[in-house]
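Right after this note come the structures.
Presented sequentially are two complexes of chain A, the first with chain B as partner and the second with chain C.
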Partner chain A sequence: MDKAIFMDNAATTRTDPEVLSAMIPYYQESFGSPATLYALGSEAKQAIELARQRTADLIGADQKEIFFTSGATESNNWAIRGVAEAREDKGRHIISNQAEHHSILMPLKHLQKRGWEVTLLPVDADGLVDPAAVKAAIRDDTVLISIVHANHEIGTIQPVEEIAGIAREKQVTFHVNGAQTAGHVPVDVARLGCDLFSLSAHKFYGPKGAGALWVRRGVRITPLLMGGAQEKKRRAGTHNVPGIVGLGKAAELARGNLENESRRLTDIRDYIIGRIESSMEDIRLNGHRSRRLPNNVNFSIEGIEGESIMLSLSYPTAKGARPVYISTGSACVSGTLEPSHILLALGLPAELAHGSVRISLSKESTREDAEYAVKALAEVCERLRAMSPIYKRGAKQCASGSDGRDCEAAS
Partner chain B sequence: MDKAIFMDNAATTRTDPEVLSAMIPYYQESFGSPATLYALGSEAKQAIELARQRTADLIGADQKEIFFTSGATESNNWAIRGVAEAREDKGRHIISNQAEHHSILMPLKHLQKRGWEVTLLPVDADGLVDPAAVKAAIRDDTVLISIVHANHEIGTIQPVEEIAGIAREKQVTFHVNGAQTAGHVPVDVARLGCDLFSLSAHKFYGPKGAGALWVRRGVRITPLLMGGAQEKKRRAGTHNVPGIVGLGKAAELARGNLENESRRLTDIRDYIIGRIESSMEDIRLNGHRSRRLPNNVNFSIEGIEGESIMLSLSYPTAKGARPVYISTGSACVSGTLEPSHILLALGLPAELAHGSVRISLSKESTREDAEYAVKALAEVCERLRAMSPIYKRGAKQCASGSDGRDCEAAS
Partner chain C sequence: MYTEKVMDHFQNPRNMGEVDHPDGVGEVGNPQCGDVMRITIKVDDEDRIEDIKFKTLGCGAAIATSSMVTEMAKGKTLEEALKISKKAVADALGGLPPQKMHCSNLASDGLKRAIEDYHSRNENR
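Coming up: the complex of A and B.
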């Protein structure tokens, strides 16, 4: 079997060898807890403070405002529940949108059950939130707005600067989930103008189990994990030193080559989009065509299940064929049969949402791999459609949203 | 400088080489997310399910009832808040004790601010909770009892079986924090009779950043980390695959040699206690003499600060001397000047609580190292006492609690 092509990097990435090398000494040599004052502890303490600086540098933050977590889910949960609880004297209304990640939507749902009110704004056919709608939704008792920086499934980059301006004007705390942007596109939290920013190491070649929440000085937030005095009493628990060191190293590596790599991936992304659109019919690009993550491609493919496509690509039967790993819907809900709530929020009918595939690139992705993947995708879809009882060529259900055409149900 | 002697293993342990070797492939080879259905994901999925089985086996649990977390702080926070929120229709009263870990006390304090009532029972001079007091504290609206299995600072093992019997009789959910016992003493959750059990990998030679909460089938608990469908929708977030694999391997290794190792460490522990008691004066053993973790020694040393002792031992000035790493108070609050709330709960005056040291052993600890450490401790204390403006030989403030003598303030 030839070398596999991994194009599911929005789910998780391979840990960079330099990142792993940086982590190893903290398992067996400098394995002390940073909370302790003796030499072994100091080594660990210095290591996590260097990681804090590097993480801060990646997003233009002050290192004193970086708090380490176990990943973006914890960061997002913390931001939502922590600000809601800290600000409940002011009000209990929160604004977000229908196409958010579950790690935002679920804590919001939890708060709703406990007396908070939540406004989930719609998104347009490209997945964009309208800043004017955010402004209109703000009430006297609104304490928090949470909008993802870029959608993990369809790659659409939100107008967060504009929303930040509105939030600031109305003195509402603004959280941005940057799990898909940190390490992939230039991020400067000062320029973004938000108050909290979540990130996750394993999305940019760092280890799983490590992330951070940036909390602007002065922002009120109660801890989510409570106990020891770690992280200035804001996030308890023995530091995951190797994980944090890995996050820091990944941040340093990403920052060193951010603009070049972002451009390189954008080229490959657009190559893939162009090739799919020119070689396949009855397909729809999901997400905005240009306001889009450099490494994200998402298509709905009429008449077949995304899961069948994904599995066929990952277990190729032809001799010498290379497995291609992509995803369908959101990796977090894979294994369930629910169609992606994000694709439904775009206005896609459930059948099209079921037939979606996401191709997400990494620094390992090459133009040659992209070419191979697109060819394999086209062949697999051709084969699956030939067997599909529901696919009728040309019975168009869909058109790309950013061309101004909306989805229509097939007649 | 000679090889350091690390005797602060209740804070954290060196990751076992076999554990690290087991983890490595999941950073760069089988780095997929277990939530995905293709081969890379399946490899990760199989790995975490094996880890789940091994973790379950360590504590006599059903693997279906093991939920992976980022460590004991998360497990403890989750148990407290999750059960409180799930059961609030029944009542809002929780029972715990004054000598608990901060990762129990802080979420309890948080709940108190939000309308829950908390009864913190006292402990006796040895740190024991009285089961009769637990029984007496149970009210109609009591929904949760949380008692640590063994105290992280003084090593006292609580009568959890007895308390479990009471909890079961009264139909109150019972959580046990086993961060210090799992992997160190035989644990069988069925025999213990509790409903939830927390554990942490890095306390028994696994990696930092990985732990678990065992939740007996049928126990109602809301998630703490919400989002994706991982862990049967009970704990969201991309699995920390290498960390979980490390936890599983550490559990397997610990289980293989649990009784022998527990006996070996008990011998070294009692040797250290005996040597300190025979060679030093004006000292007090903290914690129960026999109902005690095999790897825990804790003494109050009159007239000097625990921090000075710790630092002097860790940075020895004599040529060729070996650094000895121990702790003072709880590692989690090191860096603060507050005396340990646990030692205060035993009835110790603040001065004695300040002068406490904890020596905690690991599988690397030898009798020879113990001998060296005790000698170094005695020398350091002699030297510091000679410089101490407050130490008066024989002006006894303290006596060991388990001898039935109580602490008295020095006149």
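Coming up: the complex of A and C.
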């Protein structure tokens, strides 16, 4: 059997072999804790400081402002709860938006239950937050704005520079979750103008369980994890030295080839979007067409459900067929009965959210694989649509010429 | 996550399609919930399900349970077919993940609806 095509890289990526080799010595040879004074400890200390510099370089930051965490979920939780607590004396109002990742929405919900007020702004049909709406939502007691740099599901890149300008003018702390952009598109925190920036190593070929929060000097934030004096007393716990080393190596590798790779993936992405649009009927591109991550494709496919598409692609029946791994916004994989809140935030009806597929590329993705994946997707959808009791029925019932969607809603 | 049997029915569904001139039609589910099942049956003079077909929009479990229900119901009398429970369908598939027991295991309801439809058509005749 030919090798599988992994196109679920927005979820996680394969660790780069160079990253893994860089990490291995820190498990058994230089296994010391960077906090200790003997030689083993100082080897580890040097290694994490090099990683700090590399991580800082990836996002144009000062290395003194990089704090290592266990990944973007921790960084996001920390940014929200830490800034909310530190600035409580000024006010208890936070602004974010409806299409954020759960690692933002859940801590916000947590704070809401404890008396903070949270404004979740809507997004437009492409998933964009309107900077004017952010400005209008700012109140005297607003202490924090958190907006994702690029959405993990639909790939839409937010106008964070503009929002940063507004936040600065109103002296509101501005956090950006960059889990999907760091290592994939050029990021310069000075140019973005935000105050905090989250990133995660495993999204750009680094190990799982390692990430960072960049905190601009002077930004007030209380620690999330308390204990030892690691990370300038801001993030306690013995350093995940191999993970941090892996993060640093992944950051160095990504930075070395960022613009070329970003262009290469954009080409493949647009090829996939073009092929799907020209070869399949009754589909809808989700997310902004141009303000979009280079590695993200997301479509809703009418009349069928996403898990069945994902399952069919990952377990192909034809002899010699290659499995294709993608993801879906269907409720069936969310663990709840609700489809993706992000697709619903775009204004999509639930049935189109259930029938969504996300294809996310990596540096391993080739045009040939993309061609194979699109062909496999079209075949699977054709087969599932033939099984669907509702596909095309709406249109048939309204043969008189009225809009198919209205008809479906009315029936 | 799914048993081999579920995958088999998902990948090689039995009795997929629509019976020509059905004697009963049952449709359950809602596209907004991601699951719709349509069962069509042909009933012979002795109240036996002579032919049964399904069409399903839904996840792997939804398609597999639909396929399994048609296999279990074919050749049974209407009375016997009404006794096919969700649990029986799930058991015949070697089990379903717990979260799929309710949302994606509607096929036996679809079958019941088709049988009811058959009865109401005959009453009206």
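As a working rule, the second predicted complex is superposed on the first by the 384 of 411 C-alpha atoms of A that agree within 3 Å, B and C clash if a C-alpha of one lies under 4 Å from a C-alpha of the other, contacts with A are read in each partner's own complex, and residues count from 1 in each chain.
Basically, contacts are C-beta pairs under 8 Å (C-beta built on N, C-alpha and C of every residue); 3 or more make two chains touch, one makes a residue touch a chain.
Nothing here was measured: the structure is a model prediction, and the numbers come from that model.
Once the two complexes are laid over each other on the shared chain, residue contacts for A:304 go to chain C alone; chain B is not touched. By the document's definition of touching, neither partner reaches A:274: not chain B, not chain C. With both structures placed on the common chain, the touch criterion links A:27 to chain B but leaves chain C unconnected. When the two structures are aligned on the shared chain, A:35 is found in touch with chain B, with no touch to chain C. When the two structures are aligned on the shared chain, A:387 is found in touch with chain C, with no touch to chain B. Contacts of A:315 after superposition on the shared chain: both chain B and chain C are touched. Between chain B and chain C, it is B that contacts the larger number of residues in chain A.
Of the two partner chains, neither chain B nor chain C is touched by A:186. In the overlay built on the shared chain, the residue A:349 is in contact with chain C alone; chain B does not reach it. Once the two complexes are overlaid on the shared chain, A:122 sits clear of chain B and of chain C alike. The interface of chain A with chain B overlaps its interface with chain C at residues 307, 311, 315, 330-332, 335. Residue ranges on chain B touching chain A, taken from their complex, read 4, 6, 8, 11-15, 17, 20, 24, 27-28, 31-33, 35-40, 70-74, 76-77, 101-107, 109-110, 200, 202, 207-210, 222-230, 236-243, 307, 310-311, 314-315, 323, 325, 327, 330-336.
Remark: chain A residues 303-305, 307-308, 311-312, 315, 317, 330-332, 335, 337, 339, 349-351, 354, 386-391, 408 touch chain C in the complex.
Against chain A, in their complex, chain C makes its touches with residues 2, 7, 10-13, 16, 27, 31-38, 55-60, 62-63, 99-100, 103-104.
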